[in-house]
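What follows is a set of notes on a single structure, which appears directly below.
Note that the chains are named A, B, C, D and E in the order they appear, and that numbering of residues resets to 1 at the start of each chain.
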Amino acid sequence: MTKEERMENLNRLSGTDVKKCMKCGKCSGRCPAFKDMDIKPHQFVSMLARGKVDELLECDAIWNCLSCMACVERCPRGVAPAAVVEAVRDTVVRMQGKNGIKAEEIPPIVDELIPQQLLVSAYRKYNK
Amino acid sequence: MQRIGVFICWCGSNIAATVDVKRVAETIKSEPGVVFAENYQYMCSENGQQLIKQAIREHNLTGIVVGACSPRMHEVTFRKAAEEAGLNPYMVEIANIREHCSWIHKDMEEATEKAVILVRTAIAKVKLNAPLTAGESPVTKRALVIGGGIAGIQAALDIAEAGFKVDIVEKNATIGGRMAQLDKTFPTLDCSACILTPKMVDCAQHENIDILSYSEVEDVKGFVGNFHVKIRRKARYVDETKCTGCKLCMEKCPSKKGLNEFNMNLNTRTAIHIPFAQAIPNVAVIDSTQCLKFKTGKCGICQKFCEVGAIDFTQQDTFVERQYGAIVVATGFKPIALDNFNEFGYADNKDVITSLELERLMNAAGPTNGVLLRPSDGQHPHVVTFIQCVGSRDTSGCGKPYCSKICCMYTAKHAMMIREKYPDTEVHVFYIDVRTPGKNYDEFHRRAVEQYGVDYIKGMVGKVYNENGKLMVQGANLIDNEQVTIESDLVVLATAIEPEPSVRKVATLLTASIDTNNFLTESHAKLRPVESPTAGVYLAGVCQGPKDIPETVSQASACAAKVIGLLVKDKLKTNPCVAMPDEMMCNGCSQCANVCAYGAITYLDKEFRIGGGKTEIRRVASVNPAVCQGCGACTVTCPSGAMDLKGFSSKQIMSEVDAICKK
Amino acid sequence: MKISYYPGCTLRTKAKELDTSARLCAAALGVEMEEIENWQCCGAVYPMGTDEIATKLSAVRALDYAKHHGGKLLTLCSACHNVIKRTNEDMKANGDIRFRANNYLKLDEPYEGETEVLHYLEMLKNVVGFDNIKKAVVKPLGRKIGAYYGCLLLRPSGVMAFDNPENPTIIEDFIKAIGGTPVVYPFRNECCGAYVALKNSELPKQKSQKVLASAKEKGAEEVITACPLCLYNLQVNGGDILPVKYFTELLAEALGVQA
Amino acid sequence: MQEVTENKEFTPNIVAFCCNWCSYAGADLAGSSRMTYPANVKIIRVPCSCRVNPTFILKAYQQGADGVIICGCHPGDCHYVTGNYYTRRRIALLFSMLNYMGIEKERTRLEWVSAAEGQKFSAVMNDFVKTITELGENKRLTDLRVKEGE
Amino acid sequence: MKEVETKMLERAKELLESGEVARVVGWKKGEFCYDPSPATFESVEELKDFTYDWFCGANLSKYLIQISKKEGKTAVFLKPCDTYSFNQLVKEHRIKRENIHVIAVECRGKFDIEKIKAKGISFVTGAQLDGTQVKVSTLYGEETLEKSDVVLTKCATCNKDYQVQDEAIILHERTKKDVDRFAEVAKLEAMTEEERFAFWREQLSKCIRCNACRNVCPACSCVKCVFDNPASEISAKVNSDKFEEQLFHIIRAFHVAGRCTDCGECSRVCPQHIPLHLLNRKFIKDIDNFYGEYQAGETAEGKTPLTSYTEGDTEPNDVFKGEAK
């Protein structure tokens, strides 16, 4: 796939129009996981717009986005940065051997209170 | 017998490069009715026009077709030329072979063929044209200004100075508008009241100006030169002619808990009040929703104390009706409501305020006598954070899609004023872009940064919240790619502005066109920026689009110039392309009047001969040609086809259809 | 009255008390929660990718069932509510997803978002009415309680249409109805960070402690939530700053219903 | 024999009614911006889209037009304040009726084009010409009376 | 029906004798029992021909345009559907309301002689309603038919109520019918484009351009019809080319859109039995769908759907969207 095609794929998968961004940074101003994001929410939007697909596919931030929708909620331009994050994450986990979490990693961190939905959602978010 | 002349313009190479102009002229020569066809390099030039005039005279032409650029460009030019040669100017049709042909097609064959058809179409139409004469209507030499802010004041003063009578209708108890609420003005930092109040006084004293304060436009009829306006004078319960503005009533009034609108509700006022010290007219008004006399029937203390007997609790709304030749709309703006922006904590925290509230907090006549104190506890704020673009440039539906234009400058002004007055105060400004085009504007903003040390942070704020008594302003610093949280004492929101909502009603009354953001639309963005498409209506100030004081004043003066230009005329020429009913076919059914946006159609009972020496009386439509704007809505609504439009008659349009379609 | 009810995976296991207390309270208030047949786990997180179809089908099945059983679907867990409500919006407004999902499911009649998705809190507010709850309370709580909304109930507000996303009031009104004093604190609509707990254990700690500290600072004595995931995170990672309970547990307490 | 003529490259004849204030100006802008569209679109200038009588549209079909498009100011922006609101209702009903009578609904179109939308004007015309070319010659609107076999 | 007729006659006599009205508009007997025709009665003597029976289907409202201009008051008998046309004409200032005395008369549907004849019954001498059946008397005896087979098409789906009356002569209550007047339109809509085209082609090809539909239509009451007006560029006495039929019917339906009260007279009088009401009803159905329910003639004031608007009206290009489902 060419870079343009991968860019196109991410755009389509995210379902959001990154060209609408006016670079105000409100998404990053609001993001509760900001410090743990190596690529910041506003950068997801601008990097996709500028075709920096490879950098996006290699970032760690996709594992730290909380999917809390705070960025989506308050974007003054109707852009959904979280949808770009998810599009990147989906693209990564759909690649061979790129699952975000491995079954064997789970047991050591599971305590007996952990709710099912955390496991289910982790599998859905991080694995394919 | 029709004698049509056809003139094909080359427009240099603009047309001639794609359309074989000679061939077009040659082909057209053989069209029935065409007695002359010529082509020339520039028809609009002096020589080209000469050619047309000469042909009209020599060949005794009854109508001409010019194949050239868009009629929106030179129709008037060619009509004038025809008129000078003795031909009725409405016997001219333009075939648009430039914008609609040569410029959009590349193939010469194709373009030439299309040009021929377009010219034929124009010939078909011109054959059915009838000579038209523009009518005349008189001009009432008096202007109405709706809104008494700086825009209305300036327009009124300029018109009055030229010797025409002007009425200012202001819905509030005093003129002055938003500018009266401001503390200082950018980029010079002079005191707003100091430059505004002399103008207010000038208005009051000018023999040609009549201020109708506490009044609203109720109804508008008529048209350019002849507007008939009904104005509601709201009951102020104080006789304007008697009140001396001594303020004794305000001292005595026991109802002191009314929110002071002039101070953005930051403090209170009495039920009977004069909005502010320099109000014009300097006359009290009673807030009947607050006054004890109205609420309980008891009290009336003000009446007892008023030495001139000005208080009248029985006063009712009254109406005045006047004729005007022109109307200036200057209804102004208000900051938007912040209900959709709870992330900035405006509703929950007293110390989160709007910029207009800050103006009052900084103003010597404001609730804190000009000392900057935070509303929650009356303490001096040590860290003040400004957030720009609150509700502006927002296409998510929460705010306004446009840039409010004035916020960058006034925020710089506020930041500077705070740093000037309280050098120990830290000032931060979150901005998306700083937009400061204008004379000495960017310099002004740079002074805030360089001279006053205001901290400008590029990024938007995501959340303002209260923690341990501090306002935490969490936002992005995009330059450093970090998220910052600034502990602040006062947060100021540069709130988007929107047209004063009452403008909707005014627009409807005036049939002035208005956009989805409630800004009135100008006739042409560049060339007719102060005129509404509705003739005789002019636009000044924010009602037309966001603008600052210098721009508003310029626009107001421009309006005044336009109004004066209109009022010096004794008669106005009217557009002759108006609707005209055929009374013999009219049913009098009122369908046409129902769709007329201008009220141009009335009905008469007329006597008609019906044969056998008998007559009958029928109700028939009658169009006032001075009022009709010629849209044609009525012509399609008319079931019998009695209504037709001069210059665009059904026959003419159908002949054009035929000419295009016939292969 | 009867109402179709979708419990979801966690309410059957780790969050039984949420389910049980909710059912008992509803019964006490005259609402019968009828568990829908053969429900499947909603997946616990709404898949945003525009080509995600299969992951939404369990929600669509539940919605379609409810469409034929009263037209309303009651949810309790915030995550289920978020997933089902957003999927329903897709079925209503997104022609592509609607077409493809129906293509998979081959229902007798295509599902087009007809069902109304109702959260238990919305049910209390709009079906039962907070005034009626107030009347039914036998033991007013009289405590200072902080409502924790988290993210899932509120956002994206355009779809969830649950409450004002920045200044919600429904749980505060609920607290008033059961005789408590609501404590409004700024972090009640901030994310607790639980979703990433398996990948990044530090972040959920910081976020949940911030939430509870904020509630405590404004005077709350305890915090209530509708979300098992939040409850887990606030309890395990919240640093024991304040006790955290399900809102239905407090409702049961106030109504005097034995859980 | 007829087959052969039908297969000949078909260039439709299209009549466009444009209001003077918005769409005609939009067409002018398309021209001055050199945005091309096929030459078989011919524009008739009317003061307002509300001047367009359904009769004109039908007449065009009678005279051999293959497609008719009406362009006006966007609703709310009418130079005559309300003209295009009436257009919108009249044309909506007319379109629905033509469709009801089995006339291809793609043949007649209404578009709102402002004076600033030169690009849109050109795009609309390109698309419309394409649609009509695919649709082929207008037959039904001149054919309704003649029964099969006659 | 005889009792109703008697009452009407009594009242007409009274009104004429007392001089309260100068004339009465009603129906007079025809050559046969089934062809009564609208008539004006100016004296008691003239009333000898007065009739009101199951065949009095004609709508009298349109006649009032001319009659209401005459000196003195006019009494008129109006059936429910006629009252809508009456109101619409008052709204359009065509009838002088103050000159008219409206007597609402009972109507339980009128019979269609064509439908009776179609059942193979001829030499009809009378017809009476008997429950849900109709007893038709002929020279050769009596026949019984179902009422639903005999009533005029326009009556079959009529649920109209009197919209205006100065007095009433109603002896029997009408029963509301559980019918959808748009069912036939919906059926056509559900067809494919080709089928619809074939349907209308078949129907309109029958038109002989006799103008009966136009002449009977209360909404088509123009002083001069566009089709008779050379300036309109569409005038034509006969169909000079194959296109003009559709032009005529589309334009006619369009001219009465928003004003048509659905009285059904056009189809009743069409000698070629073209279901012209299906064109008008399509407009009515669309207007209801796009702009909210509207019934022309319900009031004598206010604007029609085509002379009003809302800012959020349906876009013309969206009118087909409903189809996609």
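The rule we apply is simple: contacts are C-beta pairs under 8 Å (C-beta built on N, C-alpha and C of every residue); 3 or more make two chains touch, one makes a residue touch a chain.
All values derive from a computational prediction rather than experimental measurement.
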From subunit C, how many touching-chain steps at minimum until you land on subunit E?
2
Relative to subunit C, chain with the most remote C-alpha centre
E
On a C-alpha centroid basis, what's the spacing between subunit B and subunit C, in Å?
49
Separation of the C-alpha centres, subunit A versus subunit E, in whole Å, is 67
Whole-Å gap separating subunit B and subunit D, where each centre is the average of the chain's CA atoms
33
Inter-chain centre distance, subunit B versus subunit E - centres from mean C-alpha coordinates, in Å:
50
Sequence positions of subunit B contacting 2 or more other chains:
343, 463, 595, 637, 650, 654
Could you check subunit C for residues that touch two or more other chains and list them?
165
Taking each residue of subunit D in turn, which ones touch at least two of the other chains?
54-55, 59, 76, 82, 86, 90
Determine which chains touch and list them pairwise.
A-B, A-C, B-C, B-D, B-E, D-E
Looking at the complex, which residues from subunit B come into contact with subunit A?
343, 389, 393-399, 432, 458-463, 474-476, 478, 481, 483
Going by the contact rule set out above, which residues of subunit C touch subunit A in the complex?
8-10, 13-15, 41, 43-45, 47-52, 55, 77, 79, 151, 154-157, 165, 190-191, 193-203, 207, 228-229, 232, 235-236
Spell out the part of subunit D that touches subunit B in their complex, as residue ranges.
13, 15, 20-21, 24-25, 27-28, 30-32, 34-37, 39, 42-48, 50-56, 59-60, 63-65, 76-83, 86, 90, 122
So in the complex, the part of subunit E that touches subunit B is made up of which residues?
69, 91-94, 219-226, 229, 231-233, 255-256, 259, 303-304, 306-308
Residues of subunit C that touch subunit B when the two form their complex:
164-167, 184, 186-187, 214, 217
